[in-house]
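Below are two complexes that have subunit A in common, paired first with subunit B and then with subunit C.
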Partner chain A sequence: MKRILVADDEPSIRKLYERELIREGYEVHFASNGQEAVQLSARVHPDLIVMDIRMPGMDGIESMRRIMEEDNQIPIVINTAYTSYKDNFLCWSADAYVTKSSDLTELKAAIRGLLEGERSAQNA
Partner chain B sequence: MLSEAPEKRKALPSGLSGEFPTVDARAPSPAGSDSLEEGGLWNQRPPRGSEFPAGANAKDVLLGLTETLGLGAFISDSHGRILWTNDAIEAEFPGIFALGRPADEALGEAVPPDPGLLPDPIAEQLERRSFGGRAPEGALRARILPGGEMKTYRHHSFHLAPASPARPGRLAAGKSCTVHCLINTTPEKKLADTYRTSQHELSSVKEILDILYESITSTRDVMNLILVAVTSRFGFGFNRAFFLQVQGDLLRGHLGIGPANPADANRIWSRLAESNPTLRESLRLLSQTGGPPDPATAELAMRICIPLSGSKAAEAGIVGAIKGGKATLLYRRDRLPWVDDELFKLLGSHALAVVPLRIGQELKGVLLADNFITQKPISDEDLGLLKTFSGYAGIALERSRLYDDLRQNVEKLQEANSELQSNQKRLMQAEKLSAIGELAGFVSHEIRNPLVAIGGLARSALADGSEKPETVEALSIIANEVNRLERFLKETLDFVKPSATLADDVDLNEVVLESLATFREELVANGIEAGFEPAEEEISARLDPHLLRGALSNLIKNAIEAMHGGGRLRLRSLQKGALARIQVADTGPGIPPEVQRRIFDPFFTTKKGGTGLGLAMSQQSVKSLGGTIALETHDDGGEFRTEFSITLPIGRKEGVRQ
Partner chain C sequence: MPRSFLESRSWPGPVSPEASVERARDRRGERPLVMVLAGGMGERLFPITADRAKPVVPFGGNFRIIDFTLNNCVMSGLRRIYVLTQYHGLSLNRHLRERWSYLPREVGEFVEAVPSKLRTPSGLYRGTADAIFRNLDIIEEDRPEEILVLSGDHIYRADYDALVRRHSESGADATVLSGSVPAAEATQFGVMHFGADGRIEEFIEKPADPKPHADALGRCPINLGVYCFNTRFLVQQLVADAKRKTAHDIGRDILPAAVKSSRVHAQPLEEITPGGVPYWRDVGSIDSLFAASMDLLTSPPGFDLRDPRWPEGSRFEELLPARVESQVGSSGASLFSPSAQVGRAHLDRAILSPRVKVEDGAILEEAILFEGVRVGRDARLRRVVVEEGVCIPPGASVGFGEPDIQVRTPAGVLVVARGHPIAEVESGAA
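Now for the complex of A and B:
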């Protein structure tokens, strides 16, 4: 079972992602800020990270940078309510950028695509 | 009458008393003692021989002289009382003893103060006019006779004292006296006329100066004013006048006034004689008509060109006169410096007044004046008046130049100011947009997060597969409404900050068809017939199709909203070289000009419930693609009144990233 780490400071969003990603058949772990995400990533070694940007304390971008210092192979999906961070070159190192929406189809597709791509890369 | 004399004597103004003998060391004799009847000096028979030669001879000599020369003479005693007058006094100086009384009635009275005594400067001026600069000695007096004629005369007085101190007894009666000799200096009418003329000239000059100073006008107006003053018969009465300006090392003709030939003169002067305008009226007329009053003379002026630097020989003529800074009269003659020769030939004048206008040492211009038509000689007085005038004219010119400079600077400042203001407006608009953008971004984010949770959980609950249809309906409604809100936010946010563009190889015709297809239902519902006329060839371009679709959708939406009662929508695509154009035309009522100006402004809308973002977003998107969007309205009675066109570069370019 693929392990996904979701970093988001909003409990309601975490609740939504928990329901929907479990329904998709993933094992889901949660961090409520960037600091937690770095620690948890080191502990649980997720197959993919869904990262919010605006979080109290360490933000998503800084958190992503630190995680990638340890493991730059891990796929990361930036998931934020802002479209403007697309311009931030730090975000370009992420594997996907999905604007938050109540319709999770795009997010799920991005996750699936990245995990399958990883699998196919491993298989190759 | 005689007893009153001492009082009258006292009544003399002290300033005049010096002219009368007051040196008699002895006490004044009793009144009447030196009167004629009582054996005053002049009625006494001289006592023999040389006993009293001075007195006796004086009277006879005086009588002879005054009669021969036609001089007026009278004698006053040491108290200033009139003892004797000759006949010439009556004839030449009627009323000299005031109140118009005959001279013999004045006998025994005090010499009256003379109101005709002129102040020295005027006296000298009059003297110079009539005696060529040699002023005779003695106090000059003037008298205006009842007929308005003026007489001037020199008043010489000399004191006579007893010649023989050896016979003081005869003098005890107080026989020292003063002989008054009046020399008529009136060359009769000539002097009177000169005086009147100079009075007239003075008042004209004064009026010209008043006009010069009361109006702050442009340099050109002042030049005109100067020339009119020189040529007007109320001014200095020259036939023609020219104004020359300094341009580097050259003096160039700038303006000219006056008739061009005798026929012209006849025409102008007879017209002037009819309307008889005052100086002020002439000037007003001139400023109203605008152009030069005498075009031919103005044109002639433009042809004047005098080099200020040149050979030494040139300095002898006009150049030297100008450099010397003095008003000069030049005559046409042989062997003139070539500059003068050329000038005389050009102007056709025989005598020319040359008046440099200067401020301090700086030459501001030169005034030329001549009597080209009448050939009237230019007198020294004419030149003198011009010279006096030139000082004021120079100042007036300088003042107007400063005024012109000032006005130009003010205009420049006003321009700069209005530019600044419009820049400021633009800046404010940009700031406003930026502030709105930030606010929109913040609000959008704060609302979007809860919306994601609400809508997402509603969908999630739906996916759980509830059995109850009411629950399914409720959750569906929540999901749909959230979806709508999110779309609205996306519109707002995307306007504020366009998303990154993702370039792709596309066929523009396909993009147009796709955009049109999304409106199929709305078009049918509104009774609109839509057609697409694609370019014959495929228009392949590399750009972000989402941006173009967004831009087209807003144009189509706008067109549909403009045609309430149905109509036609026409889309066309064209390609010309590296440019592609997509046109969206509708048969709506057209867009009024005041709306056209603002139609791409964000938040500008004429629709109830409109966001005012649709067309602004279209423009933003097209800009992101490196293209332009334009609105055309056709009032030529054609069917399609409003047409938007998007022009895009389709060269082999990497997509434009924002």
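Now for the complex of A and C:
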């Protein structure tokens, strides 16, 4: 079972993602800020990370940077309500950028694409 | 390997209206940002680099190696400069503060040290590309159109403004400053191979046999480690490289990969050398540092410390050591930095840093004396570098036929460092 780490400070978002991603067959772990995401990433070694940007304390950009220092191969999907970060150079290390929506179709497609398609291409 | 969303989507992505307005109002990005890579360990310069960063190794008496790169920046009108430091960063930081802090920050001009300790958990960059990658926040804050990536350990003179202009006019993604050396010497450099349209088609790092890449005159074009990048292109390359298992080096990893799919051009140094004759030296070893230092002392000098771009009476001119042609029987000049004191001594191609004192009867032949060195009465030194604060006792002799106490370099240079058997360190010396 593929393991996904979701970093988001909104409890309602976490609840929604938990339901939807478990239904997709993933094991899901949650962090409520960037610092927690760094610690959890080191502990559970997720196959993919869904990262919000604006979180209290350490934000998603700094968290992504620290996680990549430990594992530069881990796919990261930036998932934020703001489109403006897309042009931020610090976000370009991410593998996908999905704007937040209550409809998770695009997010789920991005996760699937990264986990199945491109990860297998890497291992080929 | 997962593809970045940059590769899978059209670019540039949507930007919010408020961000666009903010950017339009902003004056950032008007001039290229400069990042000077100054984090080399300087192993081949040991023991000179035992206690100081390689870019602050003294050169030409009153200068440090990095001064030449920074002078090129300032004289080219590029005055937003970050210096990425790593080993012995404190010595470099101190030099930047003492000599380069005069640029007015309030009008957006600065030379600022960025220590690696604040940028990575280990405090060490994995390579030159990693060093820039770890400082993407600086690039994001500034958002320049172009970035100049320079090395802090070469001696040369170049007009970077002309480099940026040519880069911009050519439509290249990256432009590499190129020099040329005889094929036999090219084994030590990154050699470039050009296509018919002048684009770089291949980089060959330290080729065992460079002859196939030589021109009709038997010379090979080499990479001088000076790069002008379109910022977006550079960031894309750095991000992709950060996810690969490479040495994270611009010359070895980024550019060889980039030439396959992007426009990477070369800019010959001779076309952008102010004052004519091109000169470029990597002073990464004791022998190359010594040879480049001796180039200053030939008549006329192989490399003139006086930059033709300096305005008359500028602060740079005041730093110039006095140059005195040698007396009868010698073939070059000597340089005397401020507050050096010389008695009735014989000097033949010597470089004296500030506060050096040479007493009566001393003989110096091809000698480089760092700051605060004392040479005692009747002491004799030939083909040596004497480390800061070292005292050579009266009557001591090095290089005049007596057996050497320590091993010389392949070119026969001896470094008299603190702790050398003949050296005495004066109490209170700097």
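In this text, the second predicted complex is superposed on the first by the 120 of 124 C-alpha atoms of A that agree within 3 Å, B and C clash if a C-alpha of one lies under 4 Å from a C-alpha of the other, contacts with A are read in each partner's own complex, and residues count from 1 in each chain.
Basically, contacts are C-beta pairs under 8 Å (C-beta built on N, C-alpha and C of every residue); 3 or more make two chains touch, one makes a residue touch a chain.
Treat the numbers as computed from the prediction; the structure is a model and nothing was measured.
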Which of subunit B and subunit C A:Arg54 touches, first, second, both or neither: first
Touching partner for A:Ser101 - first (subunit B), second (subunit C), both, neither: first
Subunit B versus subunit C as contact partner of A:Pro75, first or second or both or neither: second
Interface residues of subunit A shared between complexes with subunit B and subunit C: 82-84, 86-87
Contact set on subunit C toward subunit A in their complex: 1-6, 8-9, 12-16, 18-19, 120-121, 136-137, 139-140, 143, 235-236, 239, 242-243
Subunit B residues within the subunit A interface of the complex: 441, 444-445, 448-460, 463, 479, 482-483, 486, 490, 493-494, 497, 499-500, 658
Residues of subunit A defined as touching subunit B within the complex: 10, 12-13, 15-16, 19-20, 23, 54, 81-84, 86-87, 99-104
Subunit C contact footprint on subunit A (complex, rising order): 66, 68-69, 72-73, 75, 82-84, 86-90, 92-97, 114, 118-119, 121-122
